Structures are given as structure tokens and as C-alpha cells.
Amino acid sequence: MDNVFADRFRREGFLPQLGEYGGEFAKRVFQRKDMLFALAALVLFAGVALFAPLLSPYDPNAIDLKNKNLGPSEGHLLGTDYLGRDLLSRILIGARISLSIAFGVVLISLLVGIAAGCAAGYYGGLVDECISRVIDIFLSFPGVIFALTIMGVLGSGIFNLMLALSVVQWARYARLMRGQVLSLKKQEFVLSAVTSGAGDFHIIRRHIVPNAIAPLLVLATIDLGHVILSIATLSFLGIGLPADVPEWGAMLSAGKEFMRTAPHQTIFPGLAITFVVVIFSILGDGIRDILDPHHEGGEMY
Amino acid sequence: MRYFLKRFGFMALTVFAVCALTFFLMNAIPGGTAELILKHTFVGLEESATEEQLNQISSRYNLDDPLYIQFFRWVKAAVTGEGIGTSYVFRKPVLYLLALRLPATIQLAGASMAIAVLAGVSLGIYSALRENRISDHILRVATLFGVSMPCFWVALLLILVFSLKLKLVPVAGYGSLENLFLPAAALSLHSMAAVMRVTRTSMLETLGQEYIRFAKAKGLPLRKIISRHALKNAMLPVVTVIGFQMGNLLGGTIVIEKIFAWPGIGSLLVDSISARDLPVVQGCVLAIVSMFLLVNFLVDMLYTHLDPRIRYG
Amino acid sequence: MKNKNTPMCIILITLLVCASLLSSGCTSSEGSETAEVAYSNTLVLGEMWEIETINTVSGDGGTLICEKAAITETLVGANPDFSLKPGIATSWEQLEENTWEFKLRDDVFFHDGSKMTAEEVKFSLENVIAENPRVASMLKIASMEAVDDYTLRIETSELNPILPGVLHYPDTAVISPSSFDEAGEYVKPVGTGPYKFESFDEQTRVLTVVKNENWWGGEVGLDRMVLKGIPDPNTRAMAIENGELDFTVDVPYSETDRINEVEEVNVEKYKTPRVYKLDVNLEHEPLDDVRVRQAMSYAIDRYEIAEHVLYNVGEPAAGPFLPSMVWANKDLQPYTRDLEKADELLTAAGWVDKDGDGIRDKDGKPLKFNLMTYSTRPGLPPMAQAMAAQLREAGIDVEPEVMEYGAINDRRAEGIWDLYLAAYNIAMVPDPEYILSNWYMTGGPDNGPGYSNPRVDALITEARTIADLEERYRKFNEVEAIVYEEQPMIIVAYYGCAIVKKDYVSGYVFDPTAHDYRINADMYIEK
């Protein structure tokens, strides 16, 4: 494929050029039909999330026991759940909660991962050795235990859930970042910056991070979907958000009891999750094809 | 040789650190270990416990000692080969419990991996050969949706379709090949999609390479080109992805084992966490982490074998 | 290029290893399946908890072995109205304040063929006292003496009128010393019941029992019973629908009516001795105000909860006891929803919605509580949410929180809670004193709210010394009436149990005194 564009990014760094080449990046996105489609869907979801309180026809937490487990009808477009709450309203408000948790987790993991990865890759030696071992530990540790401990100690809540998931996720970013930094460190422009006496922090900020970030952004995009899946899994195990928070994963796992009698309670939240994850996967793949055609991120994605 | 020593040293270090982490994290979870053990073994969760009963439990399992002493005692027993503790709930040595439960998990993870690799590689090759044709697109979209569904939902849907509608396999249970089918299929879905995608990409890349074109030009049959030349090179990334997927599989077993009442260590781990059966939690974590590290070690070995350019120093 | 085939070989070998692992797992179990053919009258039971232990004195083992597997039997039995009846003991008598004498049946044999005498009963009780601090504290036994082969004399360390009731508790069931090996390690339960222990597969945790041909009680219905622990209610439902189970309990409540419609499967709903109750933290203002508690009780719609949350697996409750219990105060009726009365009471207590946000307030503080509950019992989380919604209609803001059990324990110990919804057993022992003193006496072990009423304390203490049952129950009825009025614990509903079985399973009789359910010896499979 045509790699000139990607090579230029690689050579000159991604972030500094973003303004300059943003147009070209956008053009490439628009050339790919699948990405365009995914982007449109994402905008739609984001819009729904932003305006959810305006769009939702009912209060998502209004319980009406007499009208429980109703199938889709004119009054309730997607039906009602096991406590008679309007499913459409819950899914709309849920978009906001699920997406913000996903973004929160990815952002925290990205920041921590970049910091740790830079420190390990740039300073090398003992620092690298220590950080790498910690990364190894976190990568091989069963995430459930972390989630359970954190939720147990801090109590259930949106922020605590974000924290619990971030603790599990950051190590992958750190490992990827470390590899990037290691290869960049040998490159000429970094070496010359070092000889010219620039400070470590300056070099990392100006030269390393901007050049190393592309594969991390790809990972982050795909991870947005994975985080939503993880929340669902945690809800299934009974750890996660309070039951009245309309989060998709929690709705799906609460609805599984009614799979036979009122299947719409699992189908709609399940589809919402599936679609969002699909969107992020397509976007992630697309961004990778544009920025990182040689798959430098390896199979981390 | 030095490389192996170093590698094993690090593996041992990681295992130790993970065990230490588990131990202290488990003690940080609220609930009072003695109280929950008591409730799980004698009293019933919803009943109250008296001070006297609590003290009895605490002294029986030495729970009042400082944590580092408890941990040191555990490590000492593990290193000297005495065993890794006795379950509070099952009242059996943890090693014995692991020996009972581990085969089920290995069987499940192994079967899933086998399905993932066999189906993933063949679908990947098929998809690569039909690049951009209808069947390629359908396959890719199908896998995309496959990976995007929560694991337990897929499992429940599979039960609905294959057990209740088609009456092909039993819902739950353990022991026969029929029982294995659904959990393994549900668990393998994510990994299968990952393997398929990687196979497809790397197949495409390999097929585009000079020597394959040359072989084609020489008039070698396609089957031969693929099996003799392309596959070998295309396998490199696939092997790596298997290593990564192993971690996901081990995590996924926790959920799948719960749904299918599969007697593996995943469900044991979750139950033991809520019962604060600390020795068993420790044992499960130890087993899971060791398996994960071992598989990754084997993958790395395989990788060196496949790609002679990589040499460890 | 000489090793071009090696990588494929390695992958193939790995796969082969996996495959052989699989097949080895399969072949090992096939042997046992063929053995099953020999028994035609086999029942497969889907048990609701994972079978963790077969030890009769630890964890769920007692209930499992005695009530669900019917391997062991207790000295004392109970009628459906919870009054006591003879079990392996034919009669008992309180000779002196602290001395009891139990007469035993003389025709009872253990599964190992030996005869059961007072010595073995003494051995069993000593075993449970040594192993299970909980049961030991209920028995309060100081010493035991086998007067003759069929007479056991028990000295209690203090006055213990509920001793016969405690001896109905499954952990006190009689086992033979041959349940232990020479080293004193517990091996398997050797009891006297209608079914004999056959095997327990420690890997799959499946317990198998077979008919006891020489049961003193007569003919036993089934040749064989296989108990499988399936903790997920959904899976149990699908498994019985798919014909993998013949008998199970507690499928998801919402599924009960649908499954009842399924061909060859029927669902029966019963009440079990357990209540859903809302503990109220009396140390937190304004929950110390009886008017606020009464208003809350009036705001909760118990009938709606029973119908729409529990799907009628459970019923609205008035007091802590089932109306069918012989000692229950039958005059009490469940609080019915009455928002006007709730409004009256709250207004009288000074709680009015001044700022118009729908929540009552007083001195600028909103009427707001948190409500903790846990998810191991499926009815609790939706009930908490439904109750919160109902209380909100009365202007009380309640925030439900589903937590892990350990976290709840900690919060309760630290006092950081307002309301706590839980499902409590009300007949661990078939006697009212146990529950009333644990729940309502000052400092009682299950008195979470911190309730203290001298009149209640006096009544219970008085009743302890009264031997006459009528008289004794009258005191307890008065206690029930007082706590019904004061509502330190808001009793919401009786816990239900859904028995799901195939149509060909006949002769099943539900025993309300069992802790989950009891398998009776008469149950059989109709061919």
C-alpha cells in the first residue's frame, strides 16, 4: 500500500504535524468507507450521549412495577425492564455512562502507561528493569482480584470502577510505549537533542512522546470497546456499579435472568454494546492502517 | 543457557511478586477474614457471629499474626515443599484442590485454544485468498461482531440455540465431549477472531512478497505455495497472538466456568474470593500466573524457532 | 529450508496434546456412565449451592447430607407447623432444670450394618460440639451420659429450653464412628437415613446416594439419587427444561410461570422459614423516631413487591414468623400501603416537603437514607430498588446500594448505614425464643438496629423459665405485637421456594421446616 504518508509521520512525528497534515489525515479517513461509516455512527452515539436527558422519553430510574417486562410498544419503544423502567431511556442515558467510563479508563491508562513506559525506555538500566518487572506482574495478574479489591475497599461507584479497570489496563500501554521509546532513542534527532544538552523532560516531551504516540492511540481506540466489554463481565460477576445506574453492561447482566420471558431486556443493551465495540474496532483498525502500516505495535492491539 | 536462567529467574520473581500482591490485596478487602470464614463454614452468611467464635477461628488459622509473618509462613511452606496451605472452606490441602480443578481448566482452555487456532488459521487463510470478495467481507464482519459481544451473553445465546432449540448438547455438566463443546466454543470466540485477523493480514503480506510471486511464476500449484512457503512466514505473528490470547482465555474461564458449572479453577477462584478462602485464592492465582508465564515462554521458544533472525543474548 | 515443516509440526503436536487431554478427560468419565444403566429409578437433582463439603458439621454440609441427600437423621423431627415430633428419639423429658433425658428408637441401624445406640448419638453430638462453635453455643451441653443402650442423659451448662429444637438442626444428625478413618479423619457420612452415601466425586462435586434397603422407616422411593451443584439459577432452569435434571429448586422467579407451562415440568411455590427484612439503624436520626419507621412501613407496598418482584415466590409478611407456625401471633396482618397515613405520621414528626423537590425535609435537612443489600439472593437487589421507589413516593429519598457481603459486614460494624435489606432464617431452630432473643433483645447477636425495649427483654427472659408451651407462646405473641407496633425491623415478605420437578416425580412432600428443602423418603419416579 501507499506508505509515504505514514513514513512522513514516522519521520517527523505525529503530533507536531497534526495541524499541518490533519487535512490529509482526514482525507484518508474519508477515503475509507468503513471508517466513515463508523465515524458517523460514533458521532451519532456521542450525540445521543450528550443530549440523552433531552432525548429520553421517561426518567430512566422511574420504577413502575405494574408495567414490568413489557415488550416494545408505542408507549415504550424498546419495552420496559424488570422493574418497569423504560428501556429506551435507560439505554440513552446508559450511552453517556458507558462511554464516559470507557473514555475515563482509557485516558487514565494512557497517561500512566506513557509515563511509566517513557521512564523505563528512556532511562534504561535499573529503572527499566524495575518498571518492566512491574509491568510483567500486572500483565499476568488476574484482573478480577484487582477489581474486587478496589471496589471492595472504595465501594461501588463510577469513579471507583474506572480506577479498578485502569489498574488492569495501564500495563499494556506502558509496555508498548517502552518499546517505542527504545527504538526512538537510537534515532538521530533524539541523539542530537541529547548532545545539544537539552533536558530529559524536554526531550521526552518534544521528541519522544510525539513520535511514539501513534500506536498507543490505535490501542486506545480499540481499548475503548474492550473497556465496555470488561464492565459487562464485572457486572456479571456481581462487581461493578450500583443496580440503579443505567450502564449497558449492568443492564445486560441484570436482564439475563429474563432472557426467556422478556428477551428484549438483554437484546437491546447487548446490541448497544456490540455496536459501540464494533465502531471502535473499525476506527482503531483504520487509524492503524493509516498511521502504522508496519504494525509496529505488534499484536498488542 | 544464561538466557534461560535469567528468564526463569524473572518468572520466579514475577510469581513471587504476584503472590505477595494477592496476599496483601486480599487482606485489604473489607469484611474481616475470620468473620467471613466463620460465616462460610459454620454459621451461614446471614447469621451473626459471636466474639468467642471469631477468636476460635482466628487462633485456628493464626489470623491474628502480623501479615508479613503470615505471608512468610506461607512462602516458607511453599518453598520447602510442605504445600501451599489448607483451604478454610474445603478443609483440604490447596495443592490437592488444584490437582482436582486444574485439569478441567486446562482442558477448557486447551480446547478453546485448539478451536481458535484451527478455525482461526483456516478462516484467515481462506479470507486472505479471497481478499475483497464477498465471502471475505462476510467473514470479516462476522468476526468483528463476534469479538464485540460480551462473552457471557454469547455463552447464554449458545445454550439457547444448541441446547434448548436444537437439543444437540447438554446445558451444563462436566466429563464428556458433549459437555465441553459449548463452553469451549463460547470461550474461543474472541481468540478465534483475533487469530483469524492476524492470519489474514500476515498471509496477505506474505502473498504479496517477491518470492511467492516468483514461485507462482514458476507455475507451482497454489496449494503447494501456501503450505510450503507462505504459511511458515505467516505463522510468526499468529504464534505471538496465541501467547497474548492465553491471558484472555484464562480470564475468560472465570465467567464461562460459572455459567456452565464447569469445575475449574476460575470458578474456584471467584468463590474463594467471596469466602475469603485466602489459601485457595493464593493457590489459584499461583496456578493461573504460572500457566500464563509458561505459555508465553513456550510461545517465545516457538517464535525463535520459527524466526532464526531472533537470537537471545 | 531444511526445517520448513517444523513449525507446522510443533503446532500440530500442541494441538494433539490438547486433543489427547480432552479425550483423556472424556474416557475417564464414560466408565461411570455405563454403571448408571443398572439403576432404572434414578433421580438427578440440581442443588442450588456448589457442593463444597460432605462433612456433616461444616458449612452447608449438614443441611446437604441430612435434608437434601437424606443420608442422616436427627433425634428430633418437626411437623409442618414447626411443633416438634419424634425423630430417632422417641421421647424426651426435662428431668431437672439442666438435665434432659432422651429415649431412642431401638430399631435403627447405620448404613454400615451396626446398630445405633446412645453411645453413637453421644459420639455424634461430641463431634459437632468440637467442630462447630455455632451449634455448640446453641446446644449448651456440659456433659452427656449413655444411661443404657437407648437412653441418653444430657446435662446443659445453663437453662436451655430450646435443646430439643436444636436437636432438629441438621448438623446434630447422628453419624456412625465409621464415618471417620483410623486416623480420626472424616471420610464419608455413614448415617441412618433412607439413602446411603455411595460416592462423592471431588472433581465434579457430584454426590451420589443409593437406597437404604433396611431403613427403619420402611420402603424408600428411589433407587438412586445424583446431586449436582449448579449455582446459577438460569443454568438450573435451562438444565431441567432440557431434561438433564429431574428435580431442582429456585429457578429465576420470573421464569417460574413460564417453566410451569413447559411440558412435563411443574413448578410449586412454597414459603420457607426465612423473611426478607429491612433493618433500621436506630442510632441514626430520624430513624429513632417510631413515627418515621411506621410511615416507612406504610409506604412500602408489600403486595406489589410479592407479586411483581418475587413473582409470588414469597408472600407479604407481618411479623417475623410464618402464620403457619404454631407459636406465631395470628392477629398480626401485614402493613398495607397507606400513603395518607404515612404522610400523617411524617408530618407529625416534623418532616414536610418545604422546598418542593419531592423529598421531605426538616430544619433544612432532607429525609434521605442509604440502603445496603447483597446479591447472593436474587430477590434482594430488585426488591431494594422497588422499595426505594415506593418510599420516594412518600417523600423519603432512599439510595439502594448492592454490595459484596464482606463490605456490608464492615459497614455494619462501623455503623455507617441507615437501612439494610437481608433475608434472615427464622427457624434455624424450631422455637420462637431463639429468633426473638437474637433479634429483639438488648444486645442480641442479630439485633442489628440496636433495639432495646425493657418490656421485650423482660417478656423473653420470663418465657425462658416457663415450661408450659401455651403460656410460653403467649409471652412471645406479646413480644411480636410490640415489635410489630415499633417496627425496629421492617419485615417485608416471607421467603419463597420454587420446587421445579418433572411430572413423573411423584410423592414429593414439601417440608417447611427444612432450611432450603428436604427430600422425603417417599418420593419416587413414576414410570
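Brief remarks follow.
Chains here go by letter, A, B and C, matching the order in which they are written, and residues are numbered from 1 within each.
In this text, a residue touches a chain if its C-beta (ideal position, glycine included) is under 8 Å from a C-beta of that chain, and two chains touch if they have at least 3 such contacts.
In this text, all values refer to a predicted model and were calculated from it rather than measured experimentally.
Counting C-beta pairs in contact across B-C and across A-C shows that the higher total falls to B-C. Chain B has the C-alpha centroid lying closest to the overall centroid of all protein C-alpha atoms shown. Separation between the centroids of chain A and chain B, computed from CA atoms only, is 22 Å.
Computed centre separation for the pair chain B/chain C is 35 angstrom, with centres defined by C-alpha atoms. Measuring from the averaged C-alpha position of chain A to that of chain C gives a distance of 44 Å. Contacts with at least two other chains are made by residues 234, 404, 406-407 of chain C.
Among all residues of chain A, those that touch two or more other chains are 148, 152, 256, 259-260. The set of chain B residues touching two or more other chains comprises 29-31, 156, 160, 258. Looking at the complex, you find that chain A touches chain B at residues 133, 136-137, 139-146, 148-149, 152-153, 225, 229, 232-233, 236-237, 249, 252-253, 256, 259-260, 266, 270, 273-275, 277-278, 281-282, 295, 298-300.
Against chain A, in their complex, chain B makes its touches with residues 10, 13-14, 17-18, 21-22, 25-26, 28-31, 144-145, 147-153, 156, 160, 198, 201, 237, 240-241, 244, 247, 250-251, 254-255, 258, 269-270, 273, 281, 285, 288-289, 292-293. Touching chain B in their complex are the following residues of chain C: 4, 6-8, 10-11, 15, 17-19, 21-23, 25-26, 28-30, 33, 50, 52-53, 55, 58-59, 132-135, 137, 202-205, 228-232, 234-235, 238-239, 241-242, 244, 376, 404-407, 409-410, 413, 422-425, 428, 438, 445-446. Across the interface of their complex, chain C is touched by residues 29-32, 35-36, 38-50, 52-53, 56-57, 89-91, 100-101, 103-104, 106-107, 110-111, 113-114, 117-118, 156, 159-160, 163-164, 167, 170-177, 180, 228-229, 231-232, 235, 239, 258-261, 263, 267, 271, 274, 276, 302, 305-306 of chain B.
Note for the complex: chain A touches chain C at residues 61-63, 65-66, 68-69, 82-84, 148, 151-152, 155-156, 238-239, 242-244, 254, 256-262.
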